[in-house]
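Below you'll find a set of structures to go through.
Two complexes follow with chain A in common, the first pairing it with chain B and the second with chain C.
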Partner chain A sequence: MGKKGGNVGLALVAALVAVPFVPLTLWAFAGEWRFPDLLPTAWSLRGVAHLVEPGGGVLGATLNSVLIGAATAAASVAVGMPAGMAIGGYQWRFKGVVIFFILLPILVPPLASTMGVHVTFIRLGLADTLPGVFLVHLVPTVPYTALILAGVFAERTGELEEAARTLGASPWQAFLRVTLPGVLPGVAVAGLFAFLISWGQYVLTLLIGGGNVVTLPMLLFSAASGNDPVVTSALALAFALPAVLALVLALRVLKPGERAGGFVGPGKFS
Partner chain B sequence: MGGRLKIVLLLAPALAVIGVLFAGGLVIAFVQSLGYVPAIGMTELTLDAYRGILSDEDFFDSLVLTLYVSGVSTGVSTVLAVLAALALRRSSGRLSAVVFQLPITIPHLVAAVGIALVVGQTGLGARLAALLGLIGEPGDFPALLYDERSVGIILTYVWKEVPFITLVMLAALRGVASDLEDVARTLGAGAWQRFWYVVFPVISPSVVAASLLVFAFTFGAFEVPYLLGKSYPTILPVMAYDEYRGIDLAARPTAMAINILIALVTGAIAALYLRLARDLGRRRG
Partner chain C sequence: MSARLELENVSHRYGNDAPALEKLSLAVEPGELVALLGPSGCGKTTALKVVAGLLRPTAGDVRVDGRSVVGTPPERREAAMVFQKPLLFPHMGVTENVGFGLRMRGARKEEAGRKADEALRRVRMEGFAGRSPGELSGGQQQRVALARALVTEPRLLLLDEPFSALDANLREEMRDLVLRLQREGGHTTVFVTHDQEEAVVLADRIALIFDGRLQMYDCPEAFYDRPATREVARFFGATNFIDGRANDGSVRTPLGDLRLEGTAPPGEVTLTIRPEAVRLEGGENSFRARVSSTSYLGTQVHYELRAAGTTLRAALPPHVRLAVGDEVTARLPATSLWVLDRRF
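The block that comes next holds the complex of A and B.
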């Protein structure tokens, strides 16, 4: 297969990737689109208006999604960073077992464990609340932040920290002034990952939020089960937006290979 | 000794989160599957829930459907990904990375909604068919959503997972396989020989590892079948959810037993995957 064949192939793949976005984009701005017309016969901003309507609920749901996502990102970086340091920066026994344990929540679907903790959450008053949903969102995010940061710390030799210590810095100062600035890009990537994973959660929010914590995917799901493709498509595009933005950002900021590609899994963002 | 304490302290927060919220939840789910749900007055340990589902036709219909959906999704995705990776291995790495990262990043729900608007009976596909004179009205177009064959679910998974497997393969192809292939070419091996004896053995462990992940994921995933699947039989995670959410609290152990079986299957696949990944890592050195 020559270079030309590869480019034709790439164009074909790009077209297939784009296919679901064609009706989503057309429907989001359609005013009238009857069968069997190939294109809408009238356009409207009803879908967009629904997104920003003050009493429409979308803004509130977006706010919930952002709040839970930001809290989840911050907490899972805070929890994942020391673990990443231990895994990436030091040699010790049973590391394989610990990595397996940390990976399990990514590989085993979270339905069983979430239904398991549900009763306890009800007893503690965490069910149907934002903090409760935030807590279960840590389950799929902490493995990612820990392992991404383990990769980041594995690449550090510790020489700079040693130099700082030689020059009289305390261990804490060396961490704060040398290690932290060095791993900051990795921390940002890990935080972004965690935010996107939380943003995409549906079933965890459904189980623990019990329909009282309304996030964007909740609205998208109920719209998709209904019969208004205009609103559904507008919601779907809004819901996909952070992922697309993050992708653009990641591709611009990071060199190829520097991305946390090793951890990209099928269930990652949903 | 101080070193070991430091490692333990560093690991403690992450292990606490996963230990309490994930492992703890699993343990509670397991105990409830044994019929111990004191909150509703069930305190006797039995295997009734497991006995119940294993002799239940609904469960077997659901299991067959789940295996069918994840098996076909994984098979089709793997074949398409192999073809795509072989076709694209010489094209721009950066460009193909962008094209492939997009479906990986897009949430499954968005993909499902988009696919539904393409393959539904008033979707883009049906409109094209009508334009070509193949069908007269929406009802003439084959039902691909909420259908017997779960076409909409499988298409959504294929759209999401092909890029994932392809990226894994491209990484393998552009590494060792490419160098070895040049050697084989110099030694006079034909295109088919190079693929079968050189490229395939090198990339197959990565492909198997990626496919295992896809199978495990589609086996336990909830939302796409919940949105695009028919109401009976449902896939196992949806069945577990319905049992859990039902008004009959006595069905809790059944829901948990289904959950535990899903967790066991995916856990076994996960262990297999990690073994493969470790061997792969060792081979690369």
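The block that comes next holds the complex of A and C.
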């Protein structure tokens, strides 16, 4: 495909992504929009006002979502890093079996496993709490971060670390000064993935949070089942914003066209 | 500062594979440059990694200045290694790369930077301090890697085929650089290579390794003049082998009785002579031969001579012009004949 064709294709994809946001944006700022008008006949900031209303609960829910998402991202990377290092960096027996078990939370329907988790969390006093919701969000995120980081570590040969060791670096120094800076783009991508998965969680939050822990998706779902398209659209826009930001950030970090940081084909794991 | 290195019966095997290294014993004197030479896969890199501490030998002892270092991790061996690839840290600049070892030893940033710049001057890379590794050519990167190893003032300098990825001109330049640095710094150096010429040019002594076993450990001249075995002789380009029966100072062969310099133990022996040592003249140890093939190499002409069912190779200056089928008189000077399979 020529450069021009590529640009047309890019524009098409961009349009495909952007089109759903058009009615959403229109609704979010609509004052009056009745059938069969093509555009709203009056505009208002009622939806936006609802988002930032001090007692409206949206700010609190956003804060909850950000807190849980950030904690989930950090913990997923912390857990996924050693796992990814073991899978990607070393050869050992029964590796396939272990990879299967790491993938299991993605394969099993979350409802099925979370029922059991719920019972345990009630016993531990974690049900209906923010820490409980954070912990259950790790169930779907850790497999992804572990696999992304496995791909990152599989690209490394260990030679740079060997060079560092003969120059006087201890294993820890070699990891902190050589390995970590090398895998940082991949770690950032894995963290962003985990954040977005957590950000979009509804079912797990509802089951474990029991309505006590209110996050943005909870508000969005209840608004969607209500009868106010203006508020729903405003919420939906606020909900989509971090995903767009994350995507832009990830593209910055990965610098597409230079090399594909953390993504592996399935071949490496079969 | 530079240390004496001893390997005693060092063996290593990876998993259940055949041993990569089998009872390797050799000593490197302080300030000496020793080449570990051998075909690829012969275990020479394994030996170097054992010395660096990156591999633990399955048996045997490694001593530096008489003290065993087998249990010492690489970072405390002061054995800096330069690898086949430059392996510069991609997220650091050239100066930071060179200063890395000093920083790991607790040096302050300014001090490490100052010494790094000095080391870069020694490898003639002073103009590149502010660059990032990706902006340098392969040869320049390898110079920086050399500076990075030297700046730590290592007791042992370990070089693992550092120039094999460079083109011929650059390789020669790098050899000269290593020789100069080694003379200036007096580092005890172990240099791994599969290139016989490189080993001969660089090394004070060569350790020739086949299949994980040490074949011969001596100065470069000895590999030409006094090869230990047929394999050693062949690796160094001696292709003439004459079987015979020794009797005091001469050997009875199909080519006639060949007189030796000195004596050989009585019994079956194999003689060797380098192609360059074969003369076309009469006299002692001479015989009639027929030219069976010629190949012109510019500075030399290689001939195959047939005599009494034996084929001999002779390398002669290009002004000697012989054709296939020519009858000549060939002479094998006693001073150039060497009896093989003498154990040292």
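The working rule: the second predicted complex is superposed on the first by the 233 of 270 C-alpha atoms of A that agree within 3 Å, B and C clash if a C-alpha of one lies under 4 Å from a C-alpha of the other, contacts with A are read in each partner's own complex, and residues count from 1 in each chain.
We take it that a residue touches a chain if its C-beta (ideal position, glycine included) is under 8 Å from a C-beta of that chain, and two chains touch if they have at least 3 such contacts.
Just so it is clear, the model here is predicted, and its values are computed rather than measured.
S.K.: First (chain B), second (chain C), both or neither: which does A:L10 touch?
M.R.: Touch status of A:L10: first partner only.
S.K.: What's your read, chain B or chain C touching more residues of chain A?
M.R.: Between chain B and chain C, the winner on chain A residue contacts is B.
S.K.: Which partner chains sit in contact with A:I68 here, chain B, chain C, both or neither? Use first/second/both/neither.
M.R.: neither
S.K.: Quick check for you: in the superposed arrangement, does A:V119 touch first (chain B), second (chain C), both or neither?
M.R.: The first partner, chain B, only.
S.K.: Between chain B (first) and chain C (second), which does A:A169 come into contact with in this model arrangement: first, second, both, or neither?
M.R.: Once the two structures are laid over each other on A, A:A169 reaches chain C alone.
S.K.: What is the contact status of A:E159 with respect to chain B (first) and chain C (second): first, second, both, or neither?
M.R.: Only chain C is touched by A:E159; chain B is not.
S.K.: Looking at the overlay, does A:A127 come into contact with chain B only (first), chain C only (second), both, or neither?
M.R.: neither
S.K.: Applying the document's definition of touch, where does A:L138 land relative to chain B and chain C: first, second, both, or neither?
M.R.: A:L138: touches chain B, not chain C.
S.K.: Intersection of chain A residues contacting chain B with those contacting chain C?
M.R.: none
S.K.: So in the complex, which bits of chain B are touching chain A?
M.R.: 3-4, 6-7, 9-15, 17-18, 21-30, 32, 37, 39, 84, 86-118, 122-124, 126-128, 130-131, 137-138, 159-161, 163-164, 167, 171, 213-214, 216-223, 226-227, 237, 240-241, 244, 255-256, 259-260, 262-263, 266-267, 269-271, 273-274, 278
S.K.: Please output the residues of chain A touching chain B within their complex, sorted ascending.
M.R.: Within the complex, chain A contacts chain B at residues 1-3, 5-7, 9-10, 13-14, 16-17, 19-24, 27, 35-38, 78-80, 82-83, 85-86, 90, 92, 96, 98, 100-105, 107-117, 119-120, 135-136, 138-139, 142-143, 146, 196, 199-200, 202-203, 217, 220-221, 224-225, 229, 232-233, 236-237, 239-240, 243-244, 246-247, 250-251, 256, 261, 264-270.
S.K.: Sort out for me which residues of chain A touch chain C in the complex.
M.R.: Touching chain C from chain A are residues 159-160, 162-171, 173, 177-178, 181-182.
S.K.: In the complex of these two chains, what residues of chain C are touching chain A?
M.R.: 52-54, 73-75, 77-81, 83, 85, 87, 89-91, 100-101, 104-105, 145, 148-149, 152, 158
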